[in-house]
Amino acid sequence: MIIPGNTKSSHLNITEHVKAWAEKGTVPIVLGGDHSVSLPELRAISAVHGPLSLIHFDAHGDTWDEYWGEKYTHGTPFRRAIEEGLIDPYRSIQIGMRGTVYHPDDIEEARTLGLQVITADEVREIGLPETMQQVCQRVGQSKVFLTFDIDFLDPVYAPGTGTPEIAGFSSTEAQYMLRKLAGLQFVGFDLVEVLPALDPSEVTALTAATVVFEFLSLLAVAKRDGGQQ
Amino acid sequence: MIIPGNTKSSHLNITEHVKAWAEKGTVPIVLGGDHSVSLPELRAISAVHGPLSLIHFDAHGDTWDEYWGEKYTHGTPFRRAIEEGLIDPYRSIQIGMRGTVYHPDDIEEARTLGLQVITADEVREIGLPETMQQVCQRVGQSKVFLTFDIDFLDPVYAPGTGTPEIAGFSSTEAQYMLRKLAGLQFVGFDLVEVLPALDPSEVTALTAATVVFEFLSLLAVAKRDGGQQ
Amino acid sequence: MIIPGNTKSSHLNITEHVKAWAEKGTVPIVLGGDHSVSLPELRAISAVHGPLSLIHFDAHGDTWDEYWGEKYTHGTPFRRAIEEGLIDPYRSIQIGMRGTVYHPDDIEEARTLGLQVITADEVREIGLPETMQQVCQRVGQSKVFLTFDIDFLDPVYAPGTGTPEIAGFSSTEAQYMLRKLAGLQFVGFDLVEVLPALDPSEVTALTAATVVFEFLSLLAVAKRDGGQQ
Amino acid sequence: MIIPGNTKSSHLNITEHVKAWAEKGTVPIVLGGDHSVSLPELRAISAVHGPLSLIHFDAHGDTWDEYWGEKYTHGTPFRRAIEEGLIDPYRSIQIGMRGTVYHPDDIEEARTLGLQVITADEVREIGLPETMQQVCQRVGQSKVFLTFDIDFLDPVYAPGTGTPEIAGFSSTEAQYMLRKLAGLQFVGFDLVEVLPALDPSEVTALTAATVVFEFLSLLAVAKRDGGQQ
Amino acid sequence: MIIPGNTKSSHLNITEHVKAWAEKGTVPIVLGGDHSVSLPELRAISAVHGPLSLIHFDAHGDTWDEYWGEKYTHGTPFRRAIEEGLIDPYRSIQIGMRGTVYHPDDIEEARTLGLQVITADEVREIGLPETMQQVCQRVGQSKVFLTFDIDFLDPVYAPGTGTPEIAGFSSTEAQYMLRKLAGLQFVGFDLVEVLPALDPSEVTALTAATVVFEFLSLLAVAKRDGGQQ
Amino acid sequence: MIIPGNTKSSHLNITEHVKAWAEKGTVPIVLGGDHSVSLPELRAISAVHGPLSLIHFDAHGDTWDEYWGEKYTHGTPFRRAIEEGLIDPYRSIQIGMRGTVYHPDDIEEARTLGLQVITADEVREIGLPETMQQVCQRVGQSKVFLTFDIDFLDPVYAPGTGTPEIAGFSSTEAQYMLRKLAGLQFVGFDLVEVLPALDPSEVTALTAATVVFEFLSLLAVAKRDGGQQ
């Protein structure tokens, strides 16, 4: 049973269910929920497939050591995942970091952990095609977990989220980037941080659903082309 | 520091702050937040004043033993408060219980714990004046903690809340009932379960603020009339 | 298959499905949708049970002969139902009619068709208990179809509807009235005219769901008390 | 031309237009707008008909001497109207005053000016029929201006307004009260303080429109019954 | 009279009115409403001017043979228009098709009917200037009907519509494209699929109104430059 | 005291307060409110620093002589500022003008007053880098007042404003442009025309706050680099 408000029990439940799916050879798709859910998913999937590559679209790196004095929050999952050996930071990459709330060293710290980081400003500088080429090169043919925080998008495309940051990406750009991931070896995916109560026109829900559809299309293309999904 | 998402730390913080205020002789007023906040408040205030009487306006009794397998949630604070000796159930009273989600025995269980319960149906039957007379008689001149869950009101007066129940009370009725509490010995108050994201017209916020104003007026009247607040 | 926008096909589909349920001895519950859906439901249920009594809560009588030149619309279902012999007007009753848009003779015409009509003003005059006594007396132990148009309620309880009329009934009043129907022989029910796009605080949805819950409770009570549902 | 943001020019324009209508024997109906618009209307209509009786439904008396240091605002029109001799306070009456923002002497000051005041609490005490009898007795067969501030209603019926006060009247109650005014000699009417931007479900607009409809019905009834409108 | 809910009568009415305007030499402008309204408009205008060229901005081609088993819906108008000889597909063009709901052959089928189609992906590839050059070349100096479905725009610019598709065009892009149509021989225009109930910030209404303004400007420019409008 | 609704008193109050801050050597930051507030701010700051350069991001030039017959409105502040010698038009520049409501000569008139104007269309033509180079060149090392009307942005980024114009700039573009202003000698800033009641998803508030953050960052960068702020 999922227990709202109890992080530990919730994480145990998520790991248990996701692992059951992963063991049957499926590619688990999880809809969040705050970004802390990625940690128990990674525990489940790496238990089946070994340490994973991470492709991480987000406005924030979520690699803090603590948040409000807590170790297991939506600001810390990927540091925990590295510490627990669930992901291999040297085959992992974060795209889209930006905004006003960073500690000056946030980006540097993530790099010190081994992650490659392409900030929103750097994406603008090098362009989308070069960005995606670097993403594909980073993960190669390793087993990949894709995590998409809806606040990667600009708040006009996703007002329904908890920590929006202006000057984000459009849904057209996100769609372009996702389609460039065709051919990778995905073993898991989550779409997180959708908050319906702040979504009066329901555009966040629409966009989030279509991001999932694009991921499903990547799996379908892989199947059609003889991939192993 | 208040730590969102960690019930235990949050409760410790609330108790510490509220106790500091109560020790200075003030009447703490707390705005919630889910109803679990009442428990640490009661710990703080009973530490100063001894076991308290409780006047509890709500659609739900919040006296379950567990909720989603957890002992400390917004469905359980008053059973915990009785177990911990923070309130004296035999001088305490709950008003307004109604709705679709009760276990058949919920009301009976609360009565077994020693509480007096006047359900919404019973309030309609005996009328507001008789209801309030019973409330005042129950608590007498003991030290009283007043807890007002905004879902005591009908959802049209308070759409911005987590577990609305139709067929509730109007703000006119609530105002009448609160004014009948003049002359009681209040030592604490909270107004809980306001959820701004579900309050598009802001009527919940307006009503909640006015409920607090009515409580402040009770204190002002007591002061004017030589009461001990 | 239900075909949106084609009244005739939609009605055929509704009749077919509802009839299948009614034939199995269940009490069909339909959630609308504009009030025209009651007609195909009545065709289905009267095919199984014979001409029915109708209890009709609504701000409007829906007994026009035509609406915008059309015979089958949400303003005409109950005249059609009488013409087709699906309901027996002399054992049927309408409650709650009010508002600004009536032809001066609307109420009189409904009475000429054989229906008993208690307008909102008349309900206020004679009171809820007397109103419900008349309802129960009218239908007696005949087989009853209950239709509840959400605009029976005041617009503050049901803003999400197409033709709201101020000065309607509260959810507390509606709940009282529904509970007085215990013991009747229900063979069908619908709750119609809920329009989610005009329901920003979702109070219409909540209230509508609870009205259905109250109807289910009537069936449950009948079962417990040895009734034939 | 109406000049937004310039009180003086706007008032001159309103007076000019309303006077032109009143001179032709019509009963001007004005939709506001903040309550300051009543003053230039009263100037226009009293110029044609002499000092008027005022029936004033509102949560606030609007008889301050100044508001934010200004003499001509939505908090002061009726003191100005008395000073300018536009209304006869001894044949005028205010109904519905309530709320948290009054100076302790507000009600008393209005009475000192000659007005009769029935507060919301007093209406609840004496009941609607007695209230309306006192209103009709107060104005008798004098020429009457009716001003209806939408915040007379409870905020759930009229969230779209600038200074809502809880514990107000329902639309059913307002409709009842307005209908008791049949037979009076109306020479003008306004419905003020509707604020569409704070009216997400549009219930304020609906209710306001129906209040105007009720006033039109009073004129129609007077015409039918041989009155002089 | 327009009859809501009866497709056939509504279409007859639209054709009758639009034809009357077209016969007087005006350029009819129609605001929809679902896209099925284009068919009766095209019947009217082609009756006056002969078979027309079509410029069609939309996320969907609307050239299905049937939708929910129906021949006359918002998914089928342009196949009907070709069958009825109202438009000449070989001088017609569709721009902006995209999204998740197509049958794999949708685009190909439209091309088989004779239409030129530039999908959203193709617009991105060849760029806006080249796209508009192809549009102008396609229709040349023939008589043109311009139909603009608001869902051509990205949902953030037009949330108030029935079948939004992400990754659409911005209002800046739409404005650019419309201005490149100066000099064409327009004989009719419609702007369709605006749905106010899903437009909480009213940006859809604003954008739609400005699209119409841009079309009016095209007519004004043509007049100024001695064109025949 | 600020007096709502009295332009003259409000302007006197603004000038008094802003001047007090400017005299202490701070860079006043004002959040509006309609654009008329810039005039009293400019009076205050130029009293301390002499005639200023103006950088003005907006959809509208606000240099009319009158608006609704009034001299002091949100459509006229910068003509007044030039007339009063508060700004030096020959070192001032406006960026982003566009939309449907201009008098044909609006832009030309602004240029006649001495201002440089780069319309939205011209920004699109010459590109953002060239635009910002011209801005910096225009003001050089003179003392600069920066005024940012939120309707410079496209309505999807700022629906909460009084006169939105489609085809505006994105928050990404605005952020880029603001960052190119590093190194200028700022003596004042305002962010105006935010209207919370029309901002259901709160994206306008978020964007406006971040624009202010970007300006604060410019001051911080100047301080770090040894500038005089």
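Letters A, B, C, D, E and F mark the chains as written, and numbering starts fresh at 1 in each.
What we mean here is this: contacts are C-beta pairs under 8 Å (C-beta built on N, C-alpha and C of every residue); 3 or more make two chains touch, one makes a residue touch a chain.
Owing to the predicted nature of the structure, the values given are computational and were not obtained by experimental measurement.
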Count of contact steps on the shortest path from chain B to chain F: 2
Chains touching both chain A and chain F, listed by label: E
Copies chain D and chain E - rotation angle from C-alpha fit, nearest 5 degrees: 180
Most remote chain, CA-based centroid, reference being chain B: E
Copies chain A and chain B touch via same or different residues, half shared test: same
Centroid spacing, where centroids are CA-atom means, of chain C and chain F in whole angstrom: 59
Inter-chain centre distance, chain A versus chain E - centres from mean C-alpha coordinates, in Å: 39
Residues of chain D touching at least two other chains: 156, 198, 200-201
Pairwise chain contacts under the document criterion: A-B, A-E, A-F, B-C, B-D, C-D, C-E, D-F, E-F
For the chain B and chain A complex, residues of the former touching the latter: 1, 3-7, 9, 68-70, 73, 197-198, 200
Interfacial residue positions of chain D with respect to chain B in the complex: 100, 124, 154-156, 159-160, 164-168, 198-201
Interfacial residue positions of chain B with respect to chain D in the complex: 156-157, 170-172, 175, 200-203, 206-207, 210, 213
